[in-house]
Each structure stands twice: as structure tokens, then as C-alpha cells.
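In the two complexes below, subunit A is the common chain; its partner is subunit B in one and subunit C in the other.
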Partner chain A sequence: MDRTNCNDKSPDEAVRRPNRLRDRIHSLKNSIRCFIHEARTARGGARVDFLGRLGLFIPAVVSIGIIILVLTFLWYESTPILTSPEGGPGIIFETTWDPNRDMYGIAVFIAGSFMCTFLAIGIAVPLGIGAAIFLSEFCPHTLQSVIRTIVEMMAAIPSIVYGLWAYVVLVPFIKYEFAPAVQSNPLTAWMPWFGGSSNGLGLLAGGVILAIMLLPTVVAVSDDALRSVPKSYREASLALGATTSETARSVVLSAAIPGIGAAVILSLGRAVGETMAVLMVTGNSLQIAYSLFDPVYVMTSIITNQLGYAYTFDLWRSALFAVALVLMLMSILFTGAAKLIVKWGMKTRGME
Partner chain B sequence: MAKGTTIEVKNLNTWFGRKHILKDISCYFEDNCVTGVMGPSGCGKSTWLRTINRLNDTVGSFRMTGEIFIEGKDIYAPTADVYSLRRRVGMVFQRPNPFPMSIKDNITFGPKLHGINDGDELDEIVETTLKKAALWDEVKDNLEQPGTTLSGGQQQRLCIARALSVDPPVLLMDEPVSSLDPLSASKIEDLIVELKKDYTIILVTHNVQQAFRVSDRAAFLYLGELVEFDKTAKIAEAPSDPRTEAFITGRIG
Partner chain C sequence: MDDVKSQLRLDENEAYEETEDTGYHPKAFNEFERWFKRQTTIHGRRDLKDLLFKMLLSVVVIIVCMPFFMVLIQVGTVGMGVLLGSGPGQGLDFFLSTPGPGLQGGVLNAIAGTAYLVGIAMLVGVPLSLFGAIYITEYTRPGFMRSSVEFAADVLAGIPSIVFGAFGFTFLVIYLRIGMGMLAGGLTLAFMMIPTVLRTTQEALRQVPMSLREASLALGATKWTTTWKITIRAAFPGIITGVLLAMGRVMGETAPLIFTSGNNLGLPTSVTGPGSWVASMPYTVWSYISDPRNYVNDKAQATALTLMGMVLLIDLIANFISRKVTRRLV
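Entry: the complex of A and B
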């Protein structure tokens, strides 16, 4: 066994060779071989070091294992619907959900979750980044720590409390103030997204309450990202004659974008999986929303609402598990996509 | 083309909180020459430099008395415009600090800030300033590469180019070579000598030999006091203060 082979940490040539998959497999095999080799030969300090690394390696493996287990479990539970003639993978495009007639289209919930999530993100991300910029660049020092504490406290409020607040304040506000106002104003009345009658419960209420819940995460993580931008960048910009706001916009924000991307990842994952508050204010009606005032039914709500009734019906129950599977895949997809964006951002800035 | 300007400092005192840093400094920087500022670590060299482009204003605990005139105008006058001042007083920092953007964006940052948006004009600025900073040949094919991926010496030359991009008559350099290898350092020293044709340069260093090599005039700062300020040749041969002599012979510092 060639020991130097095991210390090779820069497989640069490997990347340049044409068949990357084969190289990956090859290097994976090689590292397993080296691992076993090291386990057998390491002595003294090297052994301690090896065991330490092993100790750190185990949690990583375990967490990957848990994800795989959960996916397998969801897959297993949703096989009845995915393999039956009434269902099949096509249910993600079907819009009729009617357990009495054994129709289990889940597109309504997917659409509902998507709309709610993106509405929330669309509100929370710009607001949160703006607040974070204010906090880290313009806010007087004494106020800074107060605001940071409040933001942390906001993150700790249980979601049911947000839901209750939305139910008694936000929903009536949309019903009696906001909807009549935009629908009677000729400037906004023609807009299709303000169409339809509103009883307050619906997409807008869900998106807004979700946005309020995401805000603290977005602010806190973006604020961290902005604060960790080195002072030397700011000084270089100021020394060229930039004002504080020009510096914040062109230098600090640009350098913090990868970190802010992380904030968006976190909030996407949380938004799509959020249950309680959304369930209370979205109206939960089996239709696809065409206006902000239309009710929506999100994936987490259908599971929560119907699992109790569905439990003894094989197909119904497994359709709910299929919803959970889609939910899980969606959040994995979001996380993956956002990670790629962050990676790309870091690369174009030379910050790897 | 920029022409250097004169800088006059009158009875400058500065404090950080209660700590008295610079003590009653008065002096006159001639145009188009390199003034080397020497002194042991912590004596206030950076602080001094940063009063000249008012960068200390960003430090909450900073306080000062006295006056600084550039081209006869008091830069701390209530009516003075700090942004146009900083545009005319370029600064190169102790550690290379290119922005995390492409090389080109690093250079065009300043000009864009000051309203130059024409693509050709910006390209020309990129080329001329990188040539001035002796970096053009090394990077001309990779202008889109992030500035932060260059070597330390290249990064520092990029920062010099960035400072030159807004064509400031005054250039403040805070130990620009202290974190670099000897070869990069000597390249930058040559560059400084080259640049003084067009700029008034104040070069902070605690390397005596370097100050002697590149500067026309030299200042020696000790514990916040301006101990000596004279022609470099004069200080090298016969310093008038025993503390200066002790510093240049390596007994204090």
C-alpha cells in the first residue's frame, strides 16, 4: 500500500480528466481504502487523531442516514397511492381532491404552498434585508442592541400566537379595510390579483403572516452576514469618496450576498413547512387561488386537517403521505438550489 | 493629469476617547514629492494619515483640534465637502483590501461613483491605472477574475490602481509593503518613485531603509510627537534629535 497516495488531498489532475464520474468513484474507493489502512496502522497520537475524526464523522453520517430514512419511510407509506390505478405519480398534476370518490389530485396543495411561500418570501426578504442594512450600517449603537434583542424575541414567539393574532387582527383588516380600499380605488381595482370577494381568510393573509414569522430569521441572518463584511472594505470604499449609503449598497451588500442567500434558504425551508399559523388564516378551500383574496389550501394544512379521518383508509392516508413526500422533496430542492446560488456567488467574488 | 498639491498641518492634536494620540503637530508637505513618515509601532502614524482624508471621522471616539489645509483650503471647515476631499486624497491601506469583485470592477468602482458611466472611458481608466500600478501585463487577460484571488503583492498593486482610478492629487500610503515579499515590495517601491511625478505622496513606514530609499523628505514621529521633519538625506546623515538617531540606528522602535 502506497502511503503517500493517502495524503493526496488535491486531486487536481483528476478534475481535468474527461470522465469525472469514474474519477469520483475511484477517489471514493481510494479514500475508503486509505481509511481502513489508517484504522489498522495508526498508533499513538495519530490514533487519537484518527478516533477524533471518526467521532466527528459519525454524526455527519447519522444525519444523512436520518434524511434517507425519512425519505424511504415517506416513499414506503405513499406507495399505495403512487402505484394504484386511481393515483400514480400523475396526482401531482391533478387538481381534484375528493376522497369520497377516490380522487386524490394534490396539485391544489402544491400550488397553494408555492404561492404562499413565494408571497411570504417576496415580502419578507426585501423588508428583512432592508432592516438588516439599517441595523448594521446606519443604526446608532445604543439602538442596535435593543433592536437585535427584539428581533431575537420575535423569532421565539410560538407560531400559534402569530396565528391567533392574524386571526383577530390581520384577517378582519384585510376583509374590512384592505380589500374594500384596493377594490374601490380605480388605480388598483383593475388588477387581477386584487379581484374576487374577500372574507379575509386567504392567500394574502397566509403570505403576510408567514412573512412576519420569517422576518426575524431573515433580519438576524442577513445582519450577521453584513456585520461580518470586513471593515477594510468599508474604509476602502469611503476613502474613494463614497457615502455611507453608496458603500452599503455597492460594497457591503455585494460582499454579504452569499450570507444573505443563506438567510433566504433558511426561510424558504421554514416557510414551506410552516403549519399552524397558516392553517388558521388561509381559508383552506379546495381551489387554486387566482387572486390574493382567494382562499388557498397548503400542503401542511391538508395533512393536519385530514390525517385523523384518513387513517383507516389506505389510499386516502397514503395520498397524505404523498403530500408529505412532495413537501420534503420541495424543501430539499429549495435548499439545494439556494446552496448552488450561494456557491456561485462566492465563486464570482473569489470568496471560497 | 493630476498634479500634486501641498498639504499644511497646523497644531494638530487628536484623541481617541481620552487617549491623546497626536500632540501638536505642525508641518508642510511639498507637492510632487514623497514624504516618508517613520516611527515605532503605535506612535500614531496611521492616525495621522487618516486625519488627512478624514477617515477618522468614522470612529465614534475620535476628537481633534487644529487645522489641515490642502491647496490652502481647510479640510475640516464646516463647509468642506468630505466626499470630494476623499476623492482628491487617495489612500492605500496597510493590508491589501481589494473589494470582492472582479479586477475591473475594483478599478471602475471609484470612477462610476463619481459619475463616469461611459464604457470606453472606463476601459481606458482600467488600462491606464493598471499600467501605472505595474499590474497590467499580469492581469490584462483576466480582468473578470475576482480581485481577491490575486497574490498579496498583486492585490496591493490592484489597491494602488484603485486609488489612482479617481486621479487624486494626493496619495496616502499606509505601510503599503509591510505584508509583502521583498520582490513585490521592491516593485511597489519603484512604483512610488515613479508616481511622485504626478502625485503628492505621504508614505508611512516603520522601515527606515525603505524611507531612505524612496522618500525626498522624512518625518519621524515618536509617541505622537513630530520629532523631526526634514530632507531625507539630511536625516540619514545627521539627525538633529537623539531620538531620531536612536530610531534609525535601531535602538528604539
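Entry: the complex of A and C
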């Protein structure tokens, strides 16, 4: 039983990766044998070492288990609707949501989420990138830390507080000031996206509050990306006679494009997943919005609003979990895309 | 044009003389003035474009920072009105009494509830994710398994909070029959915390230079001693920052709690069962703001102000630790 090759592997085993199944089983067997051996013979410091490793191993397994549990549970809960005749994967493209008549089309919510998200991204990304450029390129040092702190604080404010603010300030503003002003002005009244009556709750309010919530993410991540551009790039450009803004636009910005792309994608993920603020101001009506003042229903809102009633109806609950599954797939997509962009950027930009 | 230039040069030369002139030109202001002059010196069309671009961007920065102050002013004015008032459930009473009939009292139930929930979440979530991250980073070899675990954690961190709520409700409350209450709510929050804390801890551990570990191992320390006494100690500020940020985030979450923690106008009386239903500050904000009564709406804003103050305080502490302590240790 005195097997002493537990810590240092035999040379051929270290070089050759265990590719074949037999090798894998063998190495697993060996590691289990070593484990038992160590548990029986370790004394003093070695025993502390062993117990410590065990004490760390259990939390690792539990937390990985929880992560896998949550991800597979969404899949498991949404299978009834995806396999039943009433539903099927086609519900993603159907627009009628009426659980009382067994119609579970979730396209309305996907469309609502996307409209809200793209409106928010359209507002937040240009502003955020502009602010990040100012922050990293032109800002005097004393101001820099102040603005950074403000941006960090904006990111820390809970979404319910933003929702409260939007509900109390933004919605009345859109209802009483913005909508009448835009609709009575002959220059803008003809535009189809300003049509329809407004009670303030709708796509515009949702998009604007989402944009405000995205801004700190966009600013912080783009600022990091811009700051990681080597100083020599800027110096080279300035030495060639370019002004600072030309340098910022055509040298620094293009070197930081991968990081900024990752920022945009990350904020896209956050926007799709935002719950409370959007729930409070989008009006939650089962229709696809044709104007900025029309109410929308986003994916997170439908789960929040109906899970309480749905939990006794298997299909209904399962349909809600299908919405959650779509959200999870989006999260996978965005995370993967952000990683790919960063990897691509590191390869093409030659940075680290 | 030359005037401005000579003025600029003069300013730079004046830096020595300025030291005698105490107090009149504070240094920061003088620097700012010089910076401003350098920015606004125009030599031609390209400089004009340069200046216009910078002005555009500074306007953008003002727009970006404005919402913060707008939220602060709105919530602050109404909230302070309640916090400094002297009516029922106002002033100090706001923190020290439960709502009572007609929701006229304070929000002690929400503050205590948030404390319970965050406490349970920290108690469960932090050790699991912290030690898990240490094991994954220190004891396993990088490879497919490790990167897939990291990817799964990233995906889970990107999942909307309401999905965690739905999971907690269906899995914990219904399948495991824990029932709504602070246990289910706290566990749901813990599940939300795990991926974030796991990733930030890993990031902090990765920043510790390899040479520190090698030096310790070369002195004959065991892996455990090295990890515990050297690696964790060096990564400590980063780890604490990650934990505090996750705590601040979890504190403001409403959606996971709607279906898992219930609501309660008094204090919870037991750990399980119906007596364990708890209110929380975000949930209270949400339910109070949709109330038709005006004074209840004001209380919602005061609660939001309190919540915001707590979260921002935690954020500031985290910031302080990551800036000051990191510099001293490494």
C-alpha cells in the first residue's frame, strides 16, 4: 500500500495527456487510491494540508453544483411546453398569449424586449462611448476621479430606485410635456413613431430608463478598454502632428474597438434582463408597439406578473419557464460573443 | 494669437513665483486655468474641430452624469421630507416602528427583513463561492473543465434576477417544500451571489503574482499554508471588494424576493413556516409606490433614499478598500 508516486507523476504520464478512456480510468483510479492513502497516512502538516484541500473541495463542488442545477432546472421546467402539442418550439414565433385558451405564443414578449433594448442601446452607447473617450483622453485629473466615482455610484443604485424615479418623474413628463409637445408640433407630428395616444407608460419610458441604467456599464467598460491602449500609440499619433481629438477618434478608438464591442454586448445582456424598472414603466399590454408611446410587454415582466397565478397550471408555468430559457440562451449568446470579441481583439490588436 | 501664446508661456514660468502668492491662486485652480487655456488655443481649422469635438464630449459627459443627480434630488427631497418630519412614522420613528394600521408607521419591518435576508445570503453564499473559487483557482489545472465552469458562472451571472426568483419559487418553495419566507428568500439571494463572488474571487486570486506562491513553497510550506497565509492574504482586498459589491447588488434586488420571501407588516417570528415571511426594502418601495395614498408614496421614496444610502455606502467602502488597501499590500 505504500505507493509513493502520488505527488510526482511518472515522466511518461506527465508528458502524455490521458486521451484514451483506459488511461483516464487508470488515472482516476490512481488519484482515488492516492486520496485514500493520503487520508490514512498523513500526519502533522500534511494532514492539515489534506483536510484543508478537502474543506475547499466540498464548497467548490456545491457551488458548481448549484450553478449547474439552476441552468439545467430551467431546461427541465420548460420541457413540457416545448414537447406538448399546444406548444412546441414554434411558440417563439407565435404572437398570441392567452393561457386560458392554451395559446402560449411568446413572440410578443421577445419583440417587446428587443424594441426596448435597442432603443436603450441606441441612446446609451453613443453617449457612453463619448463620455468614456472624454474621461480617458481629455479629462483633467482632478475631474477624472470625480466622474469615475459618479459613474460607479450610478451602477450601484438598485434598479427599483431607478424604477421609482421613472415612475414618479419620467412617466408624468412624457405624458404631460413630451407627448403633447411632439404631437402638436407640425415638424414632428407626422412621424409615425410619435403617433398614438400616450399615458406615459410605454416603450419610450422603458427605453429611456433602461438607457440610464446601461450608461454606467457602457462608460466603465469602454473607459477600461480605452485606458488599456498603450500610451505609445497616442504618442506616435501626436508626434505625426495629429490633434488630440484626431488621435482619440482614429487611433485610440480603433485600438479599443474590441473592448468597446464587449461593453456593448454586456450592456445588451443587462438590458434584456432588467426587471423591476422596466416592469414599472412599460405599461405591460399584450401588443407589439408601433409607436414610442405604445405600451410593451417584456420577457422579464411576464414572468414577474404571472408566475404567481401560473404555478398550479403545468403548461402555463412551463411556458413562463420557456421565456426564462430564452433569457438564459441570450445570456449564453452574449457571454460567448463578448468573450470571442475580446479574444479576436487581442489577436488582431496585438495587445497582451 | 501670439498674445495667448505668450500668456501661456508666462503662466508656465510663473509657476515658481506663484509659491509666494499664498492662497490667492489655489494650485488646482491654477492648473485647471492653464489646462483650459491650452485646450482653447486655436491655430486653424483642425484645432477648431478639435475644440468642437471636445466641447461636444464634455456636454455628453454632463448628460451622462445628470441622471444620477436627478434621481438623487428627486428621491432626496421627498425622502428627506419624511426623514426629517415629525408626523407619525416620520423622523427617527421611520426607522424604529413597523407600518401599523394604514401604513402610517415606519419601515422597521423592511429594514430588519433586508438585514435577515442579506445575512442568510451572505452566510450561505459567501463561504461556498469563496472557498469554491479558491479550490478552482489554486488546486485544479487550467483546461476544458475549468473554463467551462467559468463560462457557466458567467452565464449565470448574466441571467436576469427574476429568473432566479422563478427558480427559487419553483425549486425551493414548491419542490423542496421549504415554503415562502426568509429561508427561501435568503437562499435565492445566495444563489444569485454565488456566480458573481466566484468570478471576482478568481480574478483577485489570479492577480497574485506566481512568484509569491513559489517563494512560499520553496521555503517548505505546504500547499495549504501557502494558500491560506500567502495567496489569500495578498488577494484579500480584491476578495472583500467583490463580496461587498455582490452584497450591495443583492440588497437592492426585488425580483427574486417577490415569490420567495413573501411580505410582512411586522417582524418575522420564526425561521420556517408562515411566521418567517419577511418584508424587504426594495419590495416595500415597490408595493408602497403603487399605493394611491400620498403619504405612502412619500414613504416609498424615503425607503428608496435609505436603501440607496446603504448601497452607496457599501459601494464607497468597497471602493476605498480596493484603492487604498491594495496599494499598501502589493
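In this section, the second predicted complex is superposed on the first by the 262 of 352 C-alpha atoms of A that agree within 3 Å, B and C clash if a C-alpha of one lies under 4 Å from a C-alpha of the other, contacts with A are read in each partner's own complex, and residues count from 1 in each chain.
Quick note on the criterion: a residue touches a chain if its C-beta (ideal position, glycine included) is under 8 Å from a C-beta of that chain, and two chains touch if they have at least 3 such contacts.
Just so it is clear, the structure is predicted and the values come from calculations on it, not from any experiment.
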Residue contacts on subunit A - larger count, subunit B or subunit C: C
Which of subunit B and subunit C A:Ile32 touches, first, second, both or neither: neither
Contacts of A:Thr243 with subunit B and subunit C, given as first, second, both or neither: both
First, second, both or neither for A:Val251, with subunit B first and subunit C second: first
Subunit B versus subunit C as contact partner of A:Ile68, first or second or both or neither: second
Touched partner set for A:Glu235, first subunit B, second subunit C, both or neither: first
Subunit B versus subunit C as contact partner of A:Ala181, first or second or both or neither: neither
Common ground on subunit A, meaning residues reached by subunit C in one complex and by subunit B in the other: 243, 246
Contact footprint of subunit A on subunit C as seen in their complex: 28, 31-32, 35, 39, 46-47, 49-50, 53-54, 56-58, 60-61, 63-65, 67-68, 70-71, 74-75, 127-136, 138-139, 149, 151-156, 158-167, 169-171, 174, 191, 194-195, 198, 222-225, 227-228, 245, 248-249, 251-255, 258-259, 282, 285-286, 289, 297, 300-301, 304, 307-308, 311-312, 314-315, 319
Subunit A - residues contacting subunit B, complex: 141, 230, 232-233, 235-243, 246, 250-251, 254-255, 348-351
In the complex with subunit C, residue positions of subunit A that touch it: 45-46, 48-49, 52-53, 55-64, 66-71, 73-74, 77, 127-128, 130-131, 133-135, 138-140, 142, 147, 149-154, 156-165, 167-169, 212, 215, 219, 243-246, 248-249, 269-270, 272-276, 280, 300, 303-304, 307-308, 311, 317, 320-321, 324, 327-328, 331-332, 334-336, 339
Partner subunit A, residues of subunit B touching it in the complex: 53, 55, 58, 60, 83-87, 89-91, 93, 95, 97-102, 109-110, 113-114, 145-149, 159, 162-163, 165-166
